[in-house]
Structure formats: C-alpha cells, structure tokens
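Input: structures, listed below.
In the two assemblies presented below, subunit A is common to both, partnered first by subunit B and then by subunit C.
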Partner chain A sequence: MTKREIAYQVALLFIIGVVVYLVAGTTQGNLARLGVDSSIDFLWKRAGFEIGQKLIPFDANSTIARAFVVALLNTLLLAAVSIICASILGLAIGIARLSDNWLVSRLAAGYIEIFRNIPSLLQIFFWYFVVLRTLPRSSESIGFFNCIFLNNRGLFIPSVSFGQGWPWIVAALLAAWGMVYFLRRQERRQFAAPALIRPDTRRLNPLASWNLLILAGIVGAIVLLAGAQLEIPRETRFGYRGGIVMMPEFLSLVVGLSMYNATYIGEIVRSGFTSIPRGQTEAADSLGLPRRLTIRLVLFPQALRVIIPPLTTVYLNLFKSTSLAAAIAYPEVVSVFVGTVNNLVGQPVFIMAITMAVYVFISLCIALFLNWYNRKIALTVVT
Partner chain B sequence: MNWLHNNLFSSPLNTVLTLACVCLIVIAGVPLVNWLVIDAYWTGSTPADCPDKTAACWPFVRARFDQFMYGLYPETERWRVNLGLGLIILSALPLFIPRFPGKRRVVVLAVIAWPLIGALLFLGGYGGLTYVETGSWGGFFLTVVTALFVLSTSLPIAVLLALGRCSSIPLVRVCCATWIELWRSVPALVVLFVAIIMFPLFMPEELKIDKLLRALGALTILMSCYMAEAIRGALQSIPKGQFEAAEALGLGYWQRTFLVILPQAFPVALPQITSNFIGLFKETTVLLIIGLFDLLGMVQSAASDPAWLSPGVSATGYLFAALFFWLFCFSLSRYSAWLERKASVYKTHAGS
Partner chain C sequence: MDMTSIKSTCLSGMVLLVFAAWQAAGAGTLEQVRERGKLRCGIVESSPGFSSIDDSGQRVGFDIDHCKTISAAIFGDIRIEYVPVTPHTVFTLLQSGEIDIFPDGATWSFIRDVSLGLDYTGVYLYAGQGFVVRRDTEVRSLRDLDGATICIAQGTTLEQNIADYFSANGMAYTPVTFADIDKGLQAYYADRCDAFTNERLSTAGRIANWPDRDEHLILDEVISKEPFAALVRQDDPRWRDIALWSFNVRFAAEEFGINQDNVDTVRENSPNAEIQRLLGVHGGFGEKLGLSNDWAYHIIRLVGNYNDMWERNFAPLGVKRGLNASWKDGGLHSALPFR
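Let's turn to the complex of A and B:
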C-alpha cells in the first residue's frame, strides 16, 4: 500500500467520523427539542389498535412488539405467495413465448410488453379500486362449487383444521420427508448413470414413483386419523365465517405484483432457454430422447444456470415492492410500523432503523439462499 | 395457407392451443372493446355526461386533463412548464441521432443543465416570474421532473460510487460497497420515508428543506446505487490491457479513468442505465404515498372526487394513466434495445 493510499483512507475515516458526529449531535438536539425520549421501551407498550389480517393472535391489548411480528409475518406471507404465483405465471409465459405456435408466442409477447411497462402500483390500484372493491356485497357473493366465495370483503376458501392431532401430522410429514430423502439417495447410489440423468432416474424406474405414492398414502392416512377436518365457509348474518379469508388488499397485491413481475420472469426464462446452443437439442435428438425428456433432462438444467442469477434480482425487487401495500393499507411492516406505530409513539429513529434492518436482513437471506442454490446446481451439472 | 399451417396448425396440440388462444382473445377482447369504445361515453365534460356508472367515461379525462398534466400548477404559468419541458426534449434530441457532431459533450452539458433549467423556470420567484411553490407541482409534469432530475443528479454520483467500489484502496472499496448494498436492499418507499421523517432530524433546526427536494434526494441516493452497479459491470468488462496501456502512457488515475476507461465503459452501461431509468419512471408513482401527487396520484385523487365517483370513472382514469406510462416506458425500452443492438454490433466489429 502506498503512502498516498494510506493518506486517503485516513482522510476518509476522518470525514466519516466528522459527519457521524455532527449528524448524531444535531439529531440528539432535535429530539430533545421535540421532547422525544428515545428509547426502545415503546415495543413493550400496549398497542391499542387492531390489525385486519393476522396470522398469530393479536388484539388491541397486545404489545407493539407483537404488532411488529404480525406485520412482519404479513409481509413474508405476501412476498411468499406473490413469488410463487409470479414464478408459475412467469414460467408459463416464458415457455409460451418460446412456442412454435405463432399465436401463442405473440400473445405471450403482448402480455409481457403491456404489463411490464405499467407501474406496479398502478396495477395494484386497478385491481383494488376497480375490480375487488366493486364486487358484490356479502349477500350476493359469487360462489364457485359452493365452497369458494368471492365478495367485496375478500375471497373465502375452505381450510383444513387439524385440531388436537397436529403434532402427529408434523411428525408424519417429517418422517415422510426423511424417507423420501433416503430413497432418493439409495436410487442415486444404485444408478451410476451419467450425471445429467441422475436426478431423474425415478422417471426411468417406475418403482421409485410407487414408493412416493405409498408414502403419500401413509401421510394422508395419518392426517385423516389425527382428526383433520375440512372447514367450508358458511354464510351467516354477518358475512361468511370459517375457512380462510383473503382480504381484498391482499388479493389485489398478489395479483398486481405477480402479473407485473411475471413479465420479467417470462423474459428471463426465455433468454435462459435461448442461451442454450442448438447443438444440445440436436445431440439429445440423436440420442433418441423424446422431446419431453430433452426439455427436462437436457435443456432445463442448463437453462436454470442462466436463469437463477437474474431471477434473484426479480425476487428481491418483488420482495421490496411488497412495501407498496402501504398505499392500500394492507397491514405489512411499512404501513403498520412506519404508519400506525410511528404516529402512535413518535419514535422515528428506532422505527426507521428496525424497518430498514428488516428489509436488509430478508433481502440478504433471499440473495444468500439463491446464490447457494445457484452454486449447487452449477456443481451438479459440471461433475 | 402454408404459413397458417406451419405456424398455427402444425400438430394436434398446436391446433388446440391456437383455438384456445382465439377463444381467450374473444372472451377477453370483446367485452373490453365493448366497454372501452362502444358502451363508452365520449362527448361532454361533466359528470352528467356519464349516466351509466360502470361504462368507460372519457368526459372525466377531458375535464381533468390539465390537472393530470400539470397538477395544481397555476393556469397562467403553465407556459413555463411547456417551455421547460420543450427545452429539455430539445437538448436530449442528439441522443437519438447517431452521428451528431460533439454529441457526447452536448448531452453531458444538457444533463447538468436540466436541474438548473427546472429550478429557474418552474420555481420562479425572481424578475417577472411569480414564485410557484413545489406543493402545487403535480401530474405528469411532476413525474417527468422527478425522473429527469434524479437521472441528472444520480449519474455523476453513480460514476463515483462505481469507481470507489472498484478502487484499489480497501477502505474506499468497503465503504462504497456497503453504501450501495444497504440502499439496494431497501424498498424505495422506505428510503422516501427516511427522507421525509428522519432527514429533518439530522439537520439543524433552522434548515428547512422542501419536501419535494427531500424526496428527490432520496430517489437520487437510491438511483445512484442502482446505476453504480450498472457502471461497475461495464467497468469490469473493459480489458485489463486498456488500464495497462493508459498507465504505460504515463496517465494518472483520473486521466486514465476519464479519458480512457469511462468513454469505453459508458456505451456498455447505457442499456442497463436506460432500463434503470425506466424503472425510475415507474417508481415515481410511489411519491403519491408520501403525499406528492404525480400522474397516478392526480388520477387517484380526481377519481375520488364525490362528483365523479364511480367504478367506470376510476377505471377510465387508471387506463388513461396506464396508457401514458406505457407509451413512455415502451418507447424507452425500444430505445434501450436499439442501443444494445448497436453496442453488440460495435463489439463484434472491434473483435474481428
């Protein structure tokens, strides 16, 4: 390191120190002047407000810390559901875009060009204010198969309740997962097939699928024995009760965010597949692999390597856009914390710090997970 | 006939798909056209001209068009907005003309001049121009001003951040990387809230900074981090030989960077920068959450006016806003694709 570089670093440290010192000083002065007693104790105060959607029990007497957990879970739920929907839709669009069928491909391209160039907030507003809020009232709900109901209070779908038997079910699922894992390993040992075909030997060996079926049967039986009950929404005088309720806010966010982000995923999927040299398809054809197997065993694993890095960006963006929920008052981190709680307790410093920490932490987790996955699939194909 | 057979009916599966698509188009398209054109109200400009509450209501757009475009900007002063935006478009024209003499210099000057033009013309408050406070800025005007202002302020910062992240000095590298990654992992809305709620706390009491300016500052921080990543990618694509050759010529760090490396890196980064800009353009809608009414915010507030309030009206309003955004973003994305094609042509020529 040259002398000059050291000098630069010392100067930079000095500047950062001065800025931090000045900002901290004025902030403290300002807070004192405004009479804000900055402390994190507000988290254990009584909340005093209700939250429309909660995954864990919460009422006005709960603490603000609990409100934070409720809001965080809402954010995570919204992000997870939107990511899954966007991925499925995006994959479909991407594959449609690659279709030989002119009309299918054009339709997919049209979808991408239209929805990609309209701000996601506008799309969310459209679904919320124009579509979902103008649905019929509870008494005139739109029903599907007499068990799913849609009205201006949201979407009502049947749920499965486990009652007292839930530990058994968790145990059964864990055991099943363990056995599947074990069977897969056994298979891989048995078939010293070329690496590319390895993950899919169970397709070539029908018995392996039978194993999975039997496992599914056992799990299903345990679930039933443990007393699982299907709960169907029923109309009462105060609207529908029972089952799972999805708020209109939640629905419009999921639809808006998925439709918007699916355009990006579609393009990524398409470029992933087009990046594969033609020779790969031709080689697979000359090996006599049917078209379906070519896609699954040859093209998809290679496309995935190209797809994952940009997909990480899209997932991160989607996760960050869940904060748009604040615009239609879906109770997630920004609207509950920066909105309601900050108005209530007036602790901007801690509240903004916690909010930013949440987003930084979860973004980091998503990025790390997908990077790990990317490394993993990169290795499987190379060896 | 042959084309039809090859592209639509080449196999049973394809035939089924084609028919399904036709069905989809008919099912979705016919009611849409019906709603948008045939059942819609076209004439007049008062709520009474749209008796059916669900049909598309174009009189609403006609009545509120000025508001959508200029927000609450005083009617007599709107020529300033038109003049300013006209000047900006004029100064950006060389970008689209491939062989414009001294193009690079003109564009750089223009980008630096934009905030100045904006401040002088739109704000006023001197000479004969009356002062127009930023609170009354709004509509599409605000969208454009925000996007262009943030573009012009964040580009220089982005260049510095990217250089810092590629620097040989460890502390500079770590600081720039942390800064970039911190803001990139936080939603725009949260950054805006930091600017609105926290920033006044950081500053001395006497210093009151305009709300719009704070929001613009927040978006600048955010955008500069995104663009820094685009520029960093381009910097890394420059072959090592270029650095070494510049060094062998005896050029110092800044000369090397600004005369040799950046002029090569910039065209490579341009498509990515354009798509970041498109993202920014769409992101400006978030401003409405903090109470600055851009195009979408104006549509939103106009549609909730009790005199107009109806599903048809708000649908028409959103559709109008969507059309506007779509036109701009779509043409920008075409421009970006053209740039990319040009860059790749250039690359293959250089390689051969």
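Let's turn to the complex of A and C:
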C-alpha cells in the first residue's frame, strides 16, 4: 500500500468513528432528555410473567435474564428441529427432482414452485390455523397405544426421567463411543482402506471394538432403564397434563419453516448433483455399483462441495425466520424479549440491541461451523 | 452515481437528519400540529367499541372520539391523521414524536408513568381484565380456571396481572401469548385455549358478532383495576394540559347537562358563570391554553359529553356504565372545576 492509500483508510476509519460516536451520543442524550431509564439492570429484576414452553425451570419469580435464556433455548430448539427436517425433506425433493421417473420429478418440481412462491409467514399462519381446526378437541384426542395423544392442544408424549447417576452412565457411553471412534480411525489408517470402492471390505476387519460398544450399550441401557420412570400424559379437567408437550405452535412452525426452506435446499441439492460430470455416474455404472450406492458413495460426496456454501445461506435464513414465530404465540426471543419484556420495562433501545446481537452471534456461529466443514471436505490437490 | 454525488447525498442526508432532530426538540407539540394542519393520533385498529370502521367507511369508536376531542379543541374541526399502532410500536412512536397522542387504553401504572418518558392525561375509563370461557367447560368463576390453558395478548399489564392473580391464589395455568389480540381471540375460538383474557369491555366488543356468541361466557370478575388514560410525551407540559382539560370538558358537560344537541341553546341562554367560562362566553379560558376561547364549545358540538360517547360506542355492546358513571350517579368520574 502506498502512503496515500493508508491515509485514505485512516481518514475513512476516522469518519466512521465520528459517525458512530455522534449517533450513540445523540441516542443517549435523547433518551436522557425524554426521561427514559437506560441501564441493563432490568435484566436482574423479577420477570412477573409466565412462559408457555420452557426447557429449563422458570416461573414468574425468575429473573428477566432467565426469561431471555428460556426464550433463546426455544428459538434454538425450533431452529435445530426445523433445520434437520428441512434438510431431510430438501434432500429428498432434490433427488426426486432429478429422478428418471417423470411423475416423481414433476411432482417435486410442482412442490418447489408452489411452496417457494408463498411468503413463509403466510404458510405459518396457514399451517397453524389448519392444525388448530383439523385436530380434535382434547376430549376426542387421537391416542396411540394409550400413551401418545394428539389434539388441538398439542402432541403429548410420555417423558422418561432417569434415576440418580444417569449423567455418569451417559458420560461412560460417550467415552466408549469416543474410544471406538479412535480405534476405528487407527484401523482405517493401517489398512488405507479402498472402502470407497468396496464398502464390503470393512467387514474383513472385525475388530472387537464394535462388539465392545454394543455390549457397553446394552449394559448401560439396562442400568438406565432400571432407574427410569415413565410419565404418561393423563387427562385432567383441562386436557392432558404430564409428559412432554409439543405445542401446536411449535408443530406448525416446524412444518411451515421446513416446507418453505426445503424448496431452496431441494434446488441446491439438484444443482450440486447436476454439477457432477456425467462420466462419474457412467463409471460407477460400469463398475456395477447399484444406484443407491452410486448416489451415496460417488455422487453425494462430490455434490456436497457445491451444496455447502449456498446451504449455509439457507440455514442462516431459516434461523433468522424463526422470529416469525412471534406471530403465532410460540415463545421465542422476539416474542418474549421484544414483546413482553419491552412492554414491561419500556427500554426498546437496549432490548433491540441485545436481541440483535444474539441473532448476529448465533448466525456467525452457524456460518463459521459450515465454513469450517466446507474447508474440511474441499478437494485437496495432492502434488 | 459517481463518488462526489454519493458523498454529497450522504452529507445532505445527515444534515437533514440533524436538522429534523433539532426541530423536533425545538417547537412545541401544539405549534407542530397547527403547522401540519392536522393531529397525528395513534390508534389500535379493529377493536369494536374503541376503534373500528363502520359501514360507510368512517372510523368510529371511543378512541376515535378522543382523537376528535383534541382535534376539535385545536382546530374547531375534525382534522386528524390516524396512525395505526401496535403495542410494540406505540411507546417508541410517541417518544420519537411520530404521533402526538395515544388515546387508547393504556393502563396508567407507576412504572409506565415514571420510566417511559411519557405522561398520562387523566383517567377517562375504568376498565378491568376479564375472561371469556366456553359455557360447556362449566367454568363459572375464576377459581374454576386452575390448570387451564389461557390465551393472552401482549402489550399491556395483562401478562403480569394474570401471573400475579394465579400465584396469589395458588393456581396454575399455561399461557399462550400472542402479539396480536385478534390472533389470540381467533386461537381461543379454535379451542387452542380454555379461556381468553383481555380488557373486559374490548372483549365484549370483539365477540359481539360471533355467530355462536351465546356459547361463550364473559366472567363477571375482573382481576385488575385498569384506569385508562391517554399518553403524551413528557417534555411538553402545555400539550399535556390541553389533552387533560379537553378530556375533562366532556365530564363537565355531562355534569352540567350539556350535550351535543343542546350545546348551542345552553351557550346562548345559560346564566351559570361556570358554564359561560366553559363555553367561552367570557373568561378567556381557551387563550390560557393557547387555543381559541370556544374550544370547549367545539368539543361538545363535535363529540358531545361523556354520556353521548358511551351511548354511541358501548351501549350497543350491551355494556352498562357501572364504575364509569358520573359521581352523581354513584360512579367514579368527576369533572375538575372550570374556575
């Protein structure tokens, strides 16, 4: 860089600094002039309201900060489940779109065109009110095996609570799994596996590790289940109580967000597969690989390199659009924090800033993870 | 665009911003409204009884009458720009000067008054948080709601009231919290919840035209006292006085027996000195507020007294005045004296 270029950059930085300073100063000045309280002490005050879905204990006596965590966990749960569902559905749609079967590929195309072109908020409203109206009332619930119940108050499934010491058992299982994973890596290195071509070769090296894991799993499961207690939802005056409840809001959001975003994922998957030279399929065919294995072992790993970067964008969009949940009473961050809490304490500037910062942080985490994964699977040129 | 024009656009934009901020801080609300030629009144849309649109496309309702009251006092005429707001946006819009007044049911509470940079302009309605339930659930009083799922709308003190009430009585409930009252009511209607809670009067208005209205019951009890008052910004005491005294004109008119129909006759013939001061015959009271002396006359001419407003907006919903009657009839409303 020349001195002149450096001077320009310093000047630019200075201007940006001044603008930020002025905006922050003016905002604070205006808030003070209007007599708006401006500190984040409100986070430690008593919340005084209830939240409909909570993954950690919470009641009206908890702090507002805890309410924020509850809401954030709800957001993350919704995002995670929706991302998984959208990915599975999107993969299926993308492959179906490429199918040689005319009807299947047309159906997939029709699905994409319809659901991609309707705003996702509208789809969420649609699913929500469709779900609410079509499901029966609590007294006429659809029951499965007398322990799972579905009605317009949600899906009620039994919950399992384990006896004391369950974290130790889970930790032991995880350790066992880690050990097996390590052993298998060693094993692969030793045999420098041509596993890609003949997956059956794996069976030639039956190390004891697998059996060990299975044994450990069985023992662990028995110990776990011995101390476990099953809570089955039971009917009360106002519908079912107990067990795990999936709110209709949650179900319809998962359906709405997955179906909408699956259209994009489907197209990305299709572009990924289309980008692979035809020769690859033909080579696999000539080796006599069945269709299923061709997709899994030849096409998919190569398509993934094209798929991951645009997929990151879709995941980020999906994560951000979980905020649409505020429209149908799912208690996520925007609904609880920007809605209820802001109303309570009336500090829109801070509340907005905190909420936005959290979204930015989590989005960046998602992007960082996928970028790391992308680099990991990228083609490395051997010289 | 080349670099120079981008820079100059940015610069002029910034200058404009700074200038706008300066101006907002400088001129009083009354002057701004006069200069603009109309009042910017924040309203909540589709709340029958309070704010709705009638068959001929006109905005009608209790809140709309409050907007008209202020407009009549300033202009002697109805010149209003209605700005639809939601509970999410209203405090910010008021603080930033986008609306001049927000008349709709904001409960006058300590925290709101002292921490939002806003001021209240006198109680105009005593409301309360009530519940609507389905008759076939056999809930007849609040105590029967232990364990119920309850649809709530955000945006007021509703969420806290219900949490306070249920915990004080050792009862449990599951909230389903909507940002929007109508979505919450819709969900209750679709049997998502056992009960819906909101301000009792507005709930009565909203469910009045349900086809199966008779299958729903509005419980008699209320769990909160909600004194409703209009909100204005805190940094303009003159503007708050205008709003407070304009609203008070309607109570005074009712106590004096002046209504929309007889206001002209009373103005010409009444020998009562206070009525003469009120209607601007003498005393010059309007000028002291920065208004014309016949400000109160225009309010009564265009909007009427408190009873006119009630008969027009709430009586058709079958709601009696109760606590909202004049103190002479055993209610809580009492006019501040014009002297």
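To be clear about the criterion, the second predicted complex is superposed on the first by the 311 of 383 C-alpha atoms of A that agree within 3 Å, B and C clash if a C-alpha of one lies under 4 Å from a C-alpha of the other, contacts with A are read in each partner's own complex, and residues count from 1 in each chain.
The working rule: contacts are C-beta pairs under 8 Å (C-beta built on N, C-alpha and C of every residue); 3 or more make two chains touch, one makes a residue touch a chain.
Not measured: the values here are computed from a predicted model.
When the shared chain is aligned, subunit B comes close enough to touch A:S99, but subunit C does not.
In the overlay built on the shared chain, the residue A:A327 is in contact with subunit B and with subunit C.
In the superposed pair of complexes, A:Q9 makes contact with subunit B only, with no contact to subunit C. Once chain A of one complex is fitted onto chain A of the other, the partner contacts of A:T27 are limited to subunit B, with no touch recorded for subunit C.
Of the two partner chains, both subunit B and subunit C are touched by A:F129. Once chain A of one complex is fitted onto chain A of the other, the partner contacts of A:G242 are absent, as it touches neither subunit B nor subunit C.
Applying the stated contact rule after C-alpha superposition, one finds that A:G48 touches subunit C and leaves subunit B untouched.
In the superposed model, A:L344 lies in contact with subunit C only, and not with subunit B. Within subunit A, the residues touched by subunit B in the first complex and by subunit C in the second are 26, 30-31, 33, 129, 326-327, 338, 342, 348. Against subunit A, in their complex, subunit B makes its touches with residues 7-8, 10, 14, 17-18, 21-22, 24-25, 168-172, 175, 182, 184-190, 193-194, 197-198, 200-205, 278, 282-283, 285-286, 288-289, 296, 300, 303, 311, 314-315, 318, 321-322, 325-326, 329-330, 333. Interface residues of subunit C facing subunit A in the complex, by the touch rule stated above, are 21, 25, 87-88, 91-92, 95, 111-112, 115-117, 137, 147-149, 151, 154-156, 159-160, 162-164, 167, 173-180, 183-184, 186-187, 190-192, 194, 233-235. Remark: subunit A residues 5, 8-9, 12-13, 16, 23, 26-27, 29-31, 33, 99-104, 107, 113-114, 116-123, 125-126, 129-130, 134, 316, 320-324, 326-327, 334, 338, 342, 348-349, 352, 355-356, 359-360, 363-364, 367 touch subunit B in the complex. The touching residues of subunit A, when paired with subunit C in their complex, are 26, 30-31, 33-37, 48-52, 59-61, 129, 132-133, 137, 152-153, 236-239, 241, 247-249, 326-329, 331, 335-336, 338-340, 342-346, 348.
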